[in-house]
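To start, the structure itself, in structure tokens.
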């Protein structure tokens, strides 16, 4: 138990851990109809582990993925990121902020009824590559864009 | 408790441009205030349905910004079609709101 | 704005709508009196902090409203007061440690007041980054002031330049009366020792600003 | 003196060239993010909150704000905010949006003024204060209308001129007045753009975009907060809420910004 607890602390680096663990339990009860939250991918601290959690292997660089985001974010608390995938049969789009404590920020399962497009806002602690992972026809494609984060304010 | 979302769904050709604003603290579990660390609290799942059929099934981490925004485009939409959005957070709180697709400007 | 006022007045006069007389702008002295009263009623502070609201002679002169110009006499007075304000470090050395200067240049804090308390810090930042471009390639820098990139490279570091730079930082109004640059040393925001670090940061060939 | 000016002038122009290029490059980089954030502004979530607060019977007198007169008659909100600040006969003073809200919340609802002021500026990442939400709701009812601050009353003229004076008044550890940061076009503090308030367009931006969602704080802020924060950076003491100092500056800026089309909430990084 002690060992486990230490690992947990290491993982999420703070007092939120216990709550996170409790919450994960609650979630199962609460959302039977949604795909279960991908705990292993979201709680990975390394990009490689997050990719493993997504099942993403043999990434192919693709020009058919567009990342729309500011070159410089004025405020890391709210960085707008939109991903467009022109790859046919796009099934999933995931967004990874590589230098975040937990790099995987979001993962979208996309049905045939939706375009390969999602737009969200992400917290970023520092300048980092933002990586899009697109799953299409069982293959994984990727594109990357750097977003510079300057600490806002004059403090 | 959970407050209403603001959903805009406007028709552009045969695609509905859907823009959703949600009210949620999206706490990372590391933010400190005068009274201590705020526990982790964030939306983990967002489901968007078009006339009852799931078109987007999103999973989020605590890195999504407070009062989250989600934009997507739904294919094969018509005026008056129902767009329904449901989020669920790590505490099991839920919120569902629905709009009809309206004419784009 | 004045023109608009005149038009409004003459219009209403012509159409006979003018009743108790046209509302007019207060004259300068009245405006000043009203506004100064507002200042001293608007802040919640200890007597020591309230002092910051009092203008010294130079600040009064330098608060020209709108397009009003500084007269030659006023400029001369500001320069004279600025000249008299300058204090040199006890060591006599006007150029200090560029590394300390680099750190201070990127420190925008110090001296601010919240809930009646001054920021609790060992020393004040020099605020440079807020307004000036610094080392080449730095993006998070302001442009209210002139860029300082390559400052020393362009000027060398002769004794005259060292002295000029020291004085310019200590009280910019010696050379540019009423410029936007805070009189960092003269207002007490920076100590003479801190100013010497800023001099080194600007002039030392090893400083990132001259790379 | 003369010689010195010559040297500096040459230097300044050489450096300005370098500066202009880098500033332009950065301007492009920032615009993408700004546009994206502006299009879908979380501040919109506060409008309904404000509306609910406005209509709800609250306070010791258990009254809504439907009888509050923002200058167009009790409860008439359309076009009211674009005319603020203005003179109000019932209080015999010029009031801006925040001070008028305080007047109504104390007189109609019986709230304690000091208590309201204490809570008026909310903590970052909070639900925001009642006044912040109410101010946004009331202003949003003027969206699409032109800012039209009139100086018909002597007290309005006085406020305007005092505001202008204060805009240029330098004091404190940094020798700053407002004009030191807001008197020239295309200026930035670090990467943050500074509004050029002595230009018509800049004043219009001020007049038309507050209250605004402040991204770094995750809450809606009002003009009074903006002034507080400026004054803090200027190293002045704590600015009291809704005093004539703020009302004067707001009168000056909004009047300069006449004819701007109101569009709130604004979005501020």
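Descriptive notes on the structure:
Residue numbering begins at 1 within each chain, and the chains themselves are lettered A, B, C and D in the order written.
Rule of thumb we're sticking to: a residue touches a chain if its C-beta (ideal position, glycine included) is under 8 Å from a C-beta of that chain, and two chains touch if they have at least 3 such contacts.
Bear in mind that the values here come from a model prediction, so they are computed numbers and not experimental data.
Two chain pairs are in question, A-B and A-D; the one with more C-beta pairs in contact is A-B.
In whole angstrom, the spacing between the mean C-alpha positions of chain A and chain B is 16. Mean C-alpha positions place chain A and chain D at a centre distance of 36 Å. Distance between chain centres (mean CA atoms), chain A to chain C: 45 Å. Centre-to-centre spacing of chain B and chain D amounts to 30 Å, using the average Cα coordinate of each chain. Each of residues 65-66, 69, 71 in chain B touches at least two other chains.
Multi-chain contact residues, meaning those touching two or more other chains, occur in chain A at positions 72, 77-80, 82, 119, 121, 148, 150, 154. The multi-chain contact residues of chain D, meaning those touching 2 or more other chains, are 26, 40, 189-192, 218, 233.
Across the whole structure, chains are in contact as follows: A-B, A-C, A-D, B-D, C-D.
Those residues of chain A that touch chain B in the shared complex are 12-17, 19-20, 23-24, 26-27, 29-31, 34-35, 37-38, 42, 77-80, 82, 97, 100, 102, 104-115, 117-124. The touching residues of chain C, counted against chain D in their complex, run 5, 23-26, 31-32, 34-35, 38-39, 41-46, 49-50, 52-55, 59, 62-66, 79, 108, 111-116, 127, 129-131, 133, 139-144, 146-147, 149, 154, 175-176, 180, 182-183, 187-189.
For chain A in complex with chain D, the touching residues are 68-75, 77-80, 82, 119, 121, 148, 150, 152-154. Those residues of chain D whose C-beta lies close enough to touch chain A in the complex are 26, 28-30, 32-34, 36-37, 40, 189-192, 215-216, 218, 233, 269.
Of all the residues in chain B, the ones that touch chain A in their complex are 15, 27-30, 36-37, 39-41, 44-45, 47-48, 50, 53-66, 68-76, 88, 90-92, 94.
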